[in-house]
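In structure tokens below, several structures.
Heads up, the next two complexes both have subunit A, just with different partners, subunit B and then subunit C.
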Partner chain A sequence: MDMKAATMILLAAILIPGIIVKVKALTSGRKGPGLLQPMLDILRLLRKGSVYSTTSSIATQIAPTVYFISVFTALWLVPMGDEASFIHFSGDILVFTYMLGLGKFFLILNALDAGSGFEGMGANREAFYSLLAEPALLMLLGTFSMMTSYDSFSLIFAHWDLATGSSLVLAALAAYLLLQLSLIENSRLPVDDPKTHLELTMVHEVMVLDNSGFDLGIIQFANALKFGIFSALIANFLAPDREGVWEMILFGGIMLCYAVVVGLLESFRARFKMEKNPQFILTLTSVAALTFIVALIITNKLL
Partner chain B sequence: MNMNQTILLAEIISALSLLIFIVPKQWKQPTALALSLSLSTITTGWAWSVFHTGDVLSGNLSATFWFYHSAMRVDSLSALFLLIVNFGSLTSILFSRGYLKPYLSVKSNHEFSLHYFWLFWLQTAMTLVVTLHEGLPFLVAWEIMSIASFMLVIFESEKKEILQTGIYYIIQMHVALFFVLAGFTLVEAKTGISGFDGLVVYFRDNPSIIMFLLFFAGFGIKAGFIPLHSWLPHAHPAAPSHVSGLMSGTMIKMGIYGIMRVVICLQHDLLQIGTIVLLLSLISSVFGVFFAIFQHDLKKMLAFHSIENIGIIGIGIGTGIIGRSLNHPTIVWLGFAGALLHVVNHSLFKSLLFYCAGSIYNQCHTRDLNRLGGLYKSMPRTGVLFALASIAICGLPPLNGFISEFFIYWSFFKGLGTGINTSLLFLGGILGLAVTGGLAVFCFTKAFGIIFLGNARSDSSAHAKEVPTAMLFPQWLIAIIILVIGFAPLAVLPVIKAPIPLLAASGLSVPDLVPIEHTLLMLTLAMGIAVVSFILLWMVRRHQQARHILRAGPTWGCGYTAGDSTHQYSATTFADSLHGIAPALSGVKTQYKPVHKEDIFPREVRQYTTHQEDQLEKILILQPANWFNKLMEKFVVLRSGKIQHYILYGLGFILLAALLTTLEWI
Partner chain C sequence: MQPVRVFNQATIPVRQIPVLNYSLFAKQALALLKEENNHCVSYFGYQQDGQILLVMAIAEDTTHTIALLAHQLKVEDELTLPSLTPDHYPLHVFEREIHENLGIHFSGHPWLKPVRYPVNRANPDSIIGNYPFYQIQGGEVHQVGVGPIHAGVIEPGHFRFICNGEKVLHLEIQLGWQHRGIELLFLTRKSLLQQTILSESIAGDTAIGHATAYVQLMESLSSIPIPEALEVERTIALELERIAMHVGDLSNMNIGLAYQLGASVFGTLRTPVINFMQTWCGNRFGKGLLRAGGTHYPLTDEKKAKLTDLLNRFERSYLPMAERMFSLPTVLMRMEQIGKVTDRQMKLIGAVGMTARMAGVERDIRMSHPTAAYRRFQPESKVLVTGDVLARARLRDLEIRESILLIRELLGHHQSHETKPAPSANSVPDQFCISLVEGWRGEICHTAVTGPDGTLLHYKVKDPSLHNWFALALSLRDLEISDFPINNKSYNLSYCGHDL
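Up next is the complex of A and B:
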């Protein structure tokens, strides 16, 4: 049992939202807030009282906590290169995917609980996009499970090496897919814009309109953790094998690069029209299928 | 007591079911319950003995109560299904007391007698189906099962459409019976051995695919595989909820049982058969849940989910068969384990969902999702049970549905890399299962959100009250087992793994179970961590909230606070985004009066209604049936009504037959 990976993810989760905001500010010619500002905002939320809708019932009460816990549990399954994750067992990649699904299930209920048309819309969109995105993630995990013939994150990444050119291609494809999936998962551009002020165009933000105080704080922290988790997965694919401190530095570097890339993407990319989103997400599924075919070719099963 | 004595005892109990006709009205349910409990005790005893000793029990039905001296055999597969039958029947009878209470004053004594008599006999028939293995007795039991369920479906037979649905159902069941009968007859003609024993010999010496498909069609109609599914969405809403729960949770599993029995006999053409089963099951699971999303009728929606779950069970079976063809013990084990566990799981959460639907109908007198809403505040216990079952059916951790889907996914992951064709097939499986899971989450967040959260959408749901404990008790029983399987899958592993060697056939070695058991243990650990951290965070939250001001206010309405319940998302609007990407498949038809330019201030109240047509039923059943009817109308000329003509037809037929025989053409 190793806490290194989890510590790295926690650190990344604290920094990534700040870096994204900073990069976006710099590219648009502003100075921007400090790197820790998003976390300070969350801390302030955690110290505040709450307002609950008179319509709401138990879902609003427990959903934020369940959402946080689902992401928090998934966090312990992600390794760091050769360093195994805190819990690892054959098949943990499925627990990872489905734990995130559980969180989403409750967040959707949380949105429907307030009895508002806006939040229903957000819930609907979130459910719809995540159902479209899930196959891509599972197919990607399946591909790498096949490549390494293991089905646990820790073992897959321990046996994943970037020695050959063909595995570089695969790693690049995987990194691209995970980057896009993380943007969908966290409701960022181009699928959703966290900065929008119009309820009708929101996806994630509109779902938590009636959450406040502590609950809102943990929801936002869970989102930051998701960034950390996805950046760690990407780093696992891209980081070459190194020992000791070098590994930590490489990992941290890639995770921070991820944040910069997200910031740049958000600065220069416009959001899609709502009806374009399903197409975009389904394209990712086909990229995942393509990755699988590439993997088949590499392992000499095809051709 | 030996087997034959216990069988005799079970027969006496079944004969005592006539008592239901004699006792007063309010005593019929307790009588049925007592009978069912006694029968369950005996058959659970059989199952216990099989699991405990690992031996196969065999005995004979005594001729006293049976026209035919037929052999009974209880092996581990029968034992597993016996447990499901017993538990499902008991909870159904328990739940029926509260559910049928409003009918006590409406329905006559005889109607109640018939209902409980057949409710008990449905259990008896299912017990017989899973223990008899010779052709004719099996079919007789199968037929009793169909008749019993038909009688239960038409409980409210004074409503014309319910009677019609019942007839539609019984016709489809007889089509199913025909396929199975044809299968057994052909096998007996070829091998001289009746029933499943003959099938082993048949599959050894003959090509298997056609014969397998014949049985698959027969058993598949009962189970509800697409395209044989069309009776489910009709029959389940028509039946009383405890009957829907029993039929959907338990009875359709008899189709799965039949398919598994045939799979045991299979020896050749495994790859082709496995592929067919896997593909049909993938179609069933994806389309089952896809159609479910467009339903407004709660029970119809659940019926489509049964199709989905039968699909998931079939995916496990198909994977197991393919694994057998690849000689890969781990894939076989995981595939069949997933299928068997999902049979158990589905029997639990689906009956729970139907009982919840019954409680809702009992209070709100409607099953229309668009007329429900905000029920959590008035029916919190039913709400918690429904939420639990929803999470389980979506296959989300930490409940039982996750464990069975985990096994099936796992078998796919093991199968990737076995060869180009099977790899692609298994990748398709992952894709299909992932889409199914996502759609299920979509559907059940919708169902729970629309029914239990937000504001009431009609008066009927505004005045609901929690149902009495008598109705909740069987539901809590189911919930406990759902939790146990979810959190401690190792506890049920002995029961699940017992039938796998049968299904895997003798040639295959049992895989090393240590890594699988290790994973299940780790699953429990992961769930434990999740639960403990949930409790800790919850305590922190309570501590935090105790020190800060909590207020209640109206829902954020973007400045508009005069909102009413019609502003909420409804079942129709929730499904609309999915309809948007597949309008041709969804079959949703809308009816409304469009707003014209001159209607800037429309005065009249406009209605916007949608309904969904089952496209597959239309293409596969209704259109061919119409076409056939039209064809048959052409022959109406022959029906002249004159006896001379009919004698002429007879004579013509005899002459033709004589001619053909002399020419030795037939």
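Up next is the complex of A and C:
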């Protein structure tokens, strides 16, 4: 039982949104708000009450909580290198994937429940992109499960080492995939634009248009947690084995780099036309398939 | 009787406009409008002594004149006329406007949709609340209504999309929330100063464009002479407005694309331009600069030096950023082939200004009906053919470059002057004057008729947006609904200019 991994993820979740905003501000020649501003905004929301539309049902009232809890539960399944996660058991990689899926399902219910044309469109888009992105994540996790012959995050990463060249290639592919998947999962550029104020182009933002106060606060905090979770997974793939404090520093460094990279990616490119998004996500699935084939070749299972 | 031809901003007595019976009026109008280089710039009606006079003004690009013809009806007659729209589509909006204002029914008009619900409309029962929106029925078809309150809290307008999944089958735009009764205010506010300030407020982003149209119209009506140097100054102001608005629009389009670098660089480039207007005349949008007969804020040598310096600094940041934006694949991918309209469509809806020029229709008052300094200094008209979002962005880029060249040339030919504004207008009774100005959006048309006492009897304002809103609706056909915002930004049409 180890709290280290979960602590790191929570810390990252608090800092990453602020770092992204800061990087984007600096690249456009502005000072930008303080690093903790996104968290302070969430705190402000948490102190407020929620307003529910008279046309909405219980779905709107429970969905934000279920979404938050599912992401929060998934967090405890992620280890840090050799240090096992707080909860780990055989098959927890599937539980992790479907924990995130469950949260998303409730968020979609929440959007449909509002009965607004905008939110229906947003839910439709979110469901479609998730449907396309899920195989990529599962195939990636499956590949590493096959490589190490374990099906729990803690054991996979405990037995994953970067000693050989081929494992470095696999780790790089995995990091690239997780980076892109995290952008889709968190509704960032190039598939979505968190800054837009226009309902017609939104994906994720439009789904929570009718949520307010405490509910909106926990939804936003769950989004921040997702950043922490994905950055931790990337760090697990990329960080070489070290002991004690060095491990923490390496992990923290990679998580920090992740936030800076996301900020830079968002500063210097435009978002896709919505029509191109499925194509882009399917490309990621093929990269995942490629990773799987590379793994098969390395382990001499294919030839 | 042949239509009378006048030059832009020339005054003639109203009785010189030939009043024809309707069949002859229709025949002559349609014969003129059939020509490729002619287009209707204004068609309106007004009441005087129990009579309604319908006046049509057709701009002829080849002769640089405006042909005027009229038709008269008695108010007590049955107000039904055969519509000319089926023979010439661009007239649709003018006939709708006349129908709404005067209650004349145009038989055979495809859709007499209300334009703006003015306070003095003929049918007070016609309100937005009971307007029957266009409907399409079908299993998978759904409607999305946006507005009247805009997500970014800009001006109000209602957009109703009829969609099949993400695809837009039809977009209906219903405006009228901004109606302030501008045209009536021109008649009740008698002083020159009050009217000038009104003209500056027709559309806040085109203060200089509309004020130029008004001021030059009043100078013509009252025969107030102005020095050449003042004409040059006004032209510089118009071109500066064009630069400021175009670069601001490029920034806004980049926000729509989520391309942060372009959004912030172009955004910061707009500021020094409008700040120069502030140093020139005390207002960032150029309000207060234009006055009939003269100006309180002549362009001194010190200000000219500042402007030269501003243009040099502007170019240093602008040119590399434009190069970068128009060569970045992610940006191009988002704009190319999106929201395409054809030159034929633009001719059919009577598009003017930038909206016409981005789709291959050359329509520019600065070239076809030049006034003031444009008679001597003509910019090169920029025309693109693709008609997509990229063409609208690219045209802004080209026009900014051209405007900088023109301002530099004008600065070289500007002499200092000390002409103070005229204290009041001394209008002559029963005169008619039409004033066309190419604002940054396109053709602005102001028309004035004076009554027997010499004051304004009728004042008609036409912002280019009146025609161009329809281009946005056409752009959206068969496009994904998520592409609406970028298309809307690429046109950046005026709500209040349309609603008056």
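Annotations for the structure displayed:
By definition in this document, the second predicted complex is superposed on the first by the 302 of 303 C-alpha atoms of A that agree within 3 Å, B and C clash if a C-alpha of one lies under 4 Å from a C-alpha of the other, contacts with A are read in each partner's own complex, and residues count from 1 in each chain.
Note that a contact is a pair of C-beta atoms (placed from the backbone, for glycine too) under 8 Å apart; a residue touches a chain by one contact, two chains touch by 3 or more.
These numbers were taken from a predicted model, which means no experiment stands behind them.
The partner of subunit A that touches more of its residues, comparing subunit B with subunit C, is B.
Judged by the touch definition given at the top, the superposed model places A:3 against neither subunit B nor subunit C.
By the touch criterion defined above, A:275 lies against subunit B and subunit C together after alignment on the C-alpha atoms of chain A. Applying the stated contact rule after C-alpha superposition, one finds that A:121 touches each of subunit B and subunit C. Judged by the touch definition given at the top, the superposed model places A:70 against subunit B, while subunit C stays out of reach. In the superposition on chain A, contact is made by A:51 with subunit B only, not with subunit C. Looking at the shared chain after the overlay, A:199 reaches both subunit B and subunit C. In the superposed model, A:101 makes contact with subunit B only, not with subunit C. By the touch criterion stated above, A:40 is placed in contact with neither subunit B nor subunit C. Residues 117-118, 120-121, 124, 199, 275 of subunit A lie in contact with subunit B in one complex and with subunit C in the other.
Subunit A meets subunit C in the complex at residues 24, 27-30, 117-118, 120-121, 124, 189-190, 193, 195-201, 266-276. Remark: subunit C residues 142-146, 151-152, 166, 254-261, 263-265, 268, 328, 330-331, 333-334, 338, 480-486 touch subunit A in the complex.
Remark: subunit B residues 373-374, 376-377, 380, 383, 387, 391, 394-397, 402, 406, 409-410, 412-414, 416-417, 419-420, 423, 426-427, 430-431, 433-435, 437-439, 441-442, 444-446, 448-450, 452-455, 515, 518-519, 522-523, 525-526, 529-530, 533-534, 537-538, 541, 544-545, 548-558, 563, 565, 567-569, 573-574, 576-578, 580-581 touch subunit A in the complex.
Within the complex formed with subunit B, the subunit A residues making contact are 46-59, 62, 65-66, 68-70, 72-73, 76-77, 87, 89-92, 94-95, 98-99, 101-102, 104-105, 108-109, 111-121, 123-125, 127-128, 130-132, 134-135, 138-139, 142-143, 145-146, 149, 151, 199, 209-210, 213-215, 218, 275, 278, 285, 289, 292, 296, 299, 301-302.
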